[in-house]
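In the two complexes that follow, chain A is the common piece, with chain B as its partner first and chain C second.
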Partner chain A sequence: MKRSELCSRRKSSVGIASSLVLPGRRTCPQVVLMEALSCGERRLGSDEEYAAPAVGVSLCDSAPLVWRMQDLRAVRAQGLVGALLGSLPRTPRQNGRLGRPLLLLPEEEGLLRERRAAAALPDRCQDWGGAELRQKHEEEEKKSFEEQSVLALEDRKLALLRAMTGAESGATSADEALRRRLQALDQNFTFPQSAMAVQLSTARAGLSYCPEARAFLQAYGPTGAEPRCDARYQVFRDLRGRGFYLTSAGKFGGDFLVYPGDPLRFHAHFIAVCVSLDESVCLLDVLAVARLGSNVKKTVLLCSPGPDARVCYTSLQWSGMI
Partner chain B sequence: MSGASGGEKRPPPNWILQHPAYQQMKDLQIEDSAQVHAAFLVYMDLTEVRRWKEVSCVKSSELQVVLLEAREKEGAPTLTILPLPAHQSVTHKSIRHVLDRGFPVLLCAVAADSTLVYQRMTDGLVTPDPPVGPFQDMGRRQHRKRRQQR
Partner chain C sequence: MATIISDEFDGHQDPEESRSSRQTPGIMADQNNTDDKGKFYSEILSPSELFAARSRSHKIPVRGQKDFFPDDSDEQKQRLEHSLNEHWSLLSEERVERLGNLVNGQWIPSKQIVELQSPAGKFWQTMGFSANGKQCLLPEEALYLMECGNLQVFHQDLPLSIQDGYEKFLSANTVSLQQYQVFGHLKRLGYVVLRFDPSSESSSYARQLNLPQSSDRAGRQLKRKRSLSPAPSSTPTATCSRAEAQEECSTEKMEEDKCSEGEEDKKLPEPPEAQSSADEGGGRSWWMMDVLGDSDKDSGHGSKSGSSCWDFSSISFPDLGSTSREHFPSDLAPPDPSLLPRDLKVGFCDIAPWRQKINLRQVKMSANEQKREKYRRRWDVNKNREVRRCRNWAEYQELMARRKGKREGRPAHLWNREVTPLHDPTQPIATGELLEKISVIKPTHLLEGASRLKDADDWRICFNVYQPNTVADFKKSNPGKPYSRMCVCSFDDPVPDLRAIKLLAYQSGDIPVVIAVVDYGDISFYTFKDFQLPTDVYP
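Let's look at the complex of A and B:
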């Protein structure tokens, strides 16, 4: 596939994402991401200040998930991309556009912890049992019913008035009957329960009922147990600090894909492979990943954290010598 | 054919061992003979096949390997070439050593059948070449195609 086609497809797919906005429904995650993107742009200058409240992270068997919309916005505004996992209710049978929750990379979670910007949310809302939820729902329904009956009465009166004024001047008896009906309406009107319109609030479906975060997740300490994990984290932090956006590079056999800006707008420039300086790598593997990189028009970066907390990068490129 | 004693034809002398460039490399006293052999093959490729200029060999004491220095043509910048047998392993540290010499580095992997693969290595983040235009907005064509397939 030509690169130009890819670029164009990306541009058109951006258009398609915005067309997923269904009228009146502003909960589509893609739309939120676009909004967050434009917010993030304005905040480019103040990337270092993290004055925003903590992001709620739910741990599902050690997988860090972000569920709430404001948390997703906050995560994206900090330049962390993550991966959406859920299906969208209106378009279930496809994998092109996914919905919440957002799965964070271990490095992204580590970065949030380091900035003290992540807080653990409980898996289940133990405080909010089923009974309380049900009670709250019933109260809301009752309130809605009362509002709706008032409105229905108004509607009925208006309809009768319109019928009265629309009647011929000659038919006075019909007029009189209508007037009497109008007067009786206030006493006799009943709004049946079956006629009530029930509102389903998908935007709040149980996720924001969780009480606010309690414990801040502890900072990500240098474990030293797994050198490769540590190398990955150092590289992630350094590249993020330079303003690049990183996602996982499973498709390309590397550790990260490095984008010069938001992944929704750019193609990746680099495939980052994280090794420690002393780690011995088979030359054939180096050739393989370099060849792959040249086939997909990305530069392969060998990244190693150095001794003085700096990370050194080596770019591998095709030599052009056949 | 001939008698038992001394009758067998002596195998022809190994021309590689006698080549002055190879002997130069041998004088650098590198223990890894496979690497020296690889360096020689790269040397021959650069000088005879690609006709590069000013090809010379140097020793890297930290890595204990033979490095080559060459220019692609007159006036071109000098490059350092690191020849390695393909089955060997390499560390990022050793690559950094070679990069620290200050010249652009070409890593050359020499396979068992003498196939040579050159990879350019640079310090830092080198942006890949941008895609060539002109660009055409594909628009809805992708979706139209998918609908037709259904």
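Let's look at the complex of A and C:
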């Protein structure tokens, strides 16, 4: 049956629940189509949020990645979740929690572009390899080494002092030895190079060396990877506008997983499958996706963008005998 | 005595010490925001922070239970804030390592590899290769080690960040971002992942050549085990010979018939035309002449109206064996002289001595036998429609032969042609063999026909994956057989068709190919397994 027929069979206004029962044999459960109830969420305010500073996006192998912490927070503040790809610095050898970079869905990228909230970061520092940069780097390393050795000395002294004051009525010979060690510390302390702590930065740190940083920001134009199909993008925009959080749902056989709130705190309620209105839907596909949805305890949502920028939603729920 | 402090940095700190000297549990990169007014990037740690990073916890906070539905309650807001803060603090932690623990490498864009400047650590057992006397790493291996905090790569004397690594090392020429995701995922699980080199795999043919084989066996091996042609090749020739024999017989017969009227009874079924025409022609004329000549018959009503048969019901043949009282004349009257040849005088015949010679005793039969005898007396072969359709003795013989063939399962019309039935029912055969003979759909192996396929660009095996428990005795020079091979694609790509699967299986040999499907951060692994439909064959 055509998707448009399905939509026109019911009242199309949001919020009214009506049910469409597919005729079926008595023995098998009937699939009940219900109008999707709109979630009691807040709609995004119009323009206040978009006045925030632009999110810096870098391209890696033609995929949009977000590296800087401020950019990650800004992306989250706009309600876009993305997907983390890298190892977590604290525990790199596990797959449970991943770290930066954040990969943006093509729809998220498109949305940022539409809101003019993204900026393309330059892919390399202009002065890389220049003598000036190298000199700066060496100087900073030296400074860091000096500071760290001072800190190390203080730390060692503190440790010895604590060991001394701990033994109040203890043997004075031990105390004497410690006092002597303390005095010797100032002369004989060495902080080896190999003990110095060094940072392996995640985001590119080189730009701090470049003078005219802001001039490099360009308006984020189309990267050539347009949102895969228009239907998906319309649905994404509409659902995001209603306050839902969306992530990709390839594993669930759909286009998006729809969360009522931040995915950190809530489970997904819907699996959104985007179908254009004039596409005919094979009944077997509908049954397959309904079956899948019921197995993972999520409601399947068939989404089709309509002509007047409105999106028609149909939810599938597996019900018992009617 | 000079005290060297290095030992304090190695192990874990005394908890008492760490608590006293440091307040913050972790170092957040964006605490620097206030300091870097002039800087563009603000995630550089100050030396004090670097120093303090020694005492970081290495545990990840466990995620609690999620809520079901947002209800704008303060509790939920608090929990969300707490989760988000935890999330940000984990993500913003920067990698801090002791210089002594880091291996240094240099990126060489022309060769797209990383050359190590200091000796490799424990990772050398499973990663890297030697070139020109130097230890080198492939770009994906180098990036993984950078993410683990074991390697620092320099380019033009400046250290590369992880972002630089991603942007420089990953490209369509080396390893794509999706392939690196799969690589990283597997390495973090502990597998040993090496690049796949198609030329290093010996083809199945080459492997066959390595086996010790005599030339005879090789020849015999080339023979196809399954053939679609019917089994014995003797059948077609037998039918041919029989057909030939038939033709010979019939021509022989025709000549013979023309000469004489008597012919031998041949066992083989003969074509009816040649024989019957000769037979009928001669016989019919003889009858007709007689009937037309003498129209006298016993019963009086004749078959003069054109029928060439004698009316046997009107001609009485004396039944000397009959025991019924009616037929008991003492002597037989002589027959009608018209029925006899000329010049033959027949007198009355005394039946009595003949009857003595006949055994007139009643046969003793059981009830069943009597019943059967009754049916047999009633049965008339002429009542059968098919028999009545036979116009002469030859046709009747054919009918008998056909019936016999049907009874025994080898009807002549099926077996006398070029295309014979698949199997002779009179021959014994095992059920399994019979099933295989009649099977319309035969099972095929995945690699059948795969060698003929031309290489396609879109489906390529990327990595060899080896089990984690073999790491202890893993040798890069002789890795052995991989556990599986990886092919990377995304959910936007089409599902691999049979052609692609055959190609991948052929490239891989006898090792299963796993297809890793990347979905923006999620990776799912799929593989196709061989399956055989069970057949119910009881020997």
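Annotations
Just so we're on the same page, the second predicted complex is superposed on the first by the 177 of 322 C-alpha atoms of A that agree within 3 Å, B and C clash if a C-alpha of one lies under 4 Å from a C-alpha of the other, contacts with A are read in each partner's own complex, and residues count from 1 in each chain.
What we mean here is this: a residue touches a chain if its C-beta (ideal position, glycine included) is under 8 Å from a C-beta of that chain, and two chains touch if they have at least 3 such contacts.
Computed from a predicted model, the values in this text were never measured in an experiment.
When the two complexes are overlaid on their common chain A, residue A:L178 makes contact with neither chain B nor chain C.
Residue contacts after overlaying the shared chain place A:P192 against chain C, while chain B stays out of touching range.
By the touch criterion defined above, A:L292 lies against neither chain B nor chain C after alignment on the C-alpha atoms of chain A. Once chain A of one complex is fitted onto chain A of the other, the partner contacts of A:A120 are absent, as it touches neither chain B nor chain C. By the touch criterion defined above, A:M164 lies against neither chain B nor chain C after alignment on the C-alpha atoms of chain A. By the document's definition of touching, of the two partners only chain B reaches A:L316; chain C does not. Between chain B and chain C, it is C that contacts the larger number of residues in chain A. In the superposed model, A:L84 lies in contact with chain C only, and not with chain B. In the superposition on chain A, the residues of chain A contacting both chain B and chain C are 260.
By the touch rule above, chain B contacts chain A in their complex via residues 50, 84-93, 95-96, 99, 106-107, 109, 117-129, 131-140, 142-143. Against chain B, the residues of chain A that register as touching in their complex are 2-9, 11-13, 16, 260, 269-270, 275-284, 286-287, 290, 297-299, 301-302, 304, 312-321.
Across the interface of their complex, chain A is touched by residues 1-6, 8-9, 17, 20-21, 29-30, 33, 36, 39-45, 47-48, 50-51, 53-54, 56-60, 66-70, 76, 79-80, 83-84, 87-88, 90-100, 102, 144, 146-149, 152, 155-159, 161-164, 166-167, 170-172, 176-177, 181, 184-185, 188-190, 491-492, 517, 519-522, 524 of chain C. On chain A, the positions that touch chain C within their shared complex are 41, 58-61, 63, 65, 67-70, 72-73, 76, 83-101, 103, 105, 123-124, 128-129, 133-134, 137, 143-144, 147-148, 151-152, 155-156, 158-159, 162, 181, 184-185, 188-208, 210, 213-214, 228, 247-248, 250-251, 260-262, 264-267.
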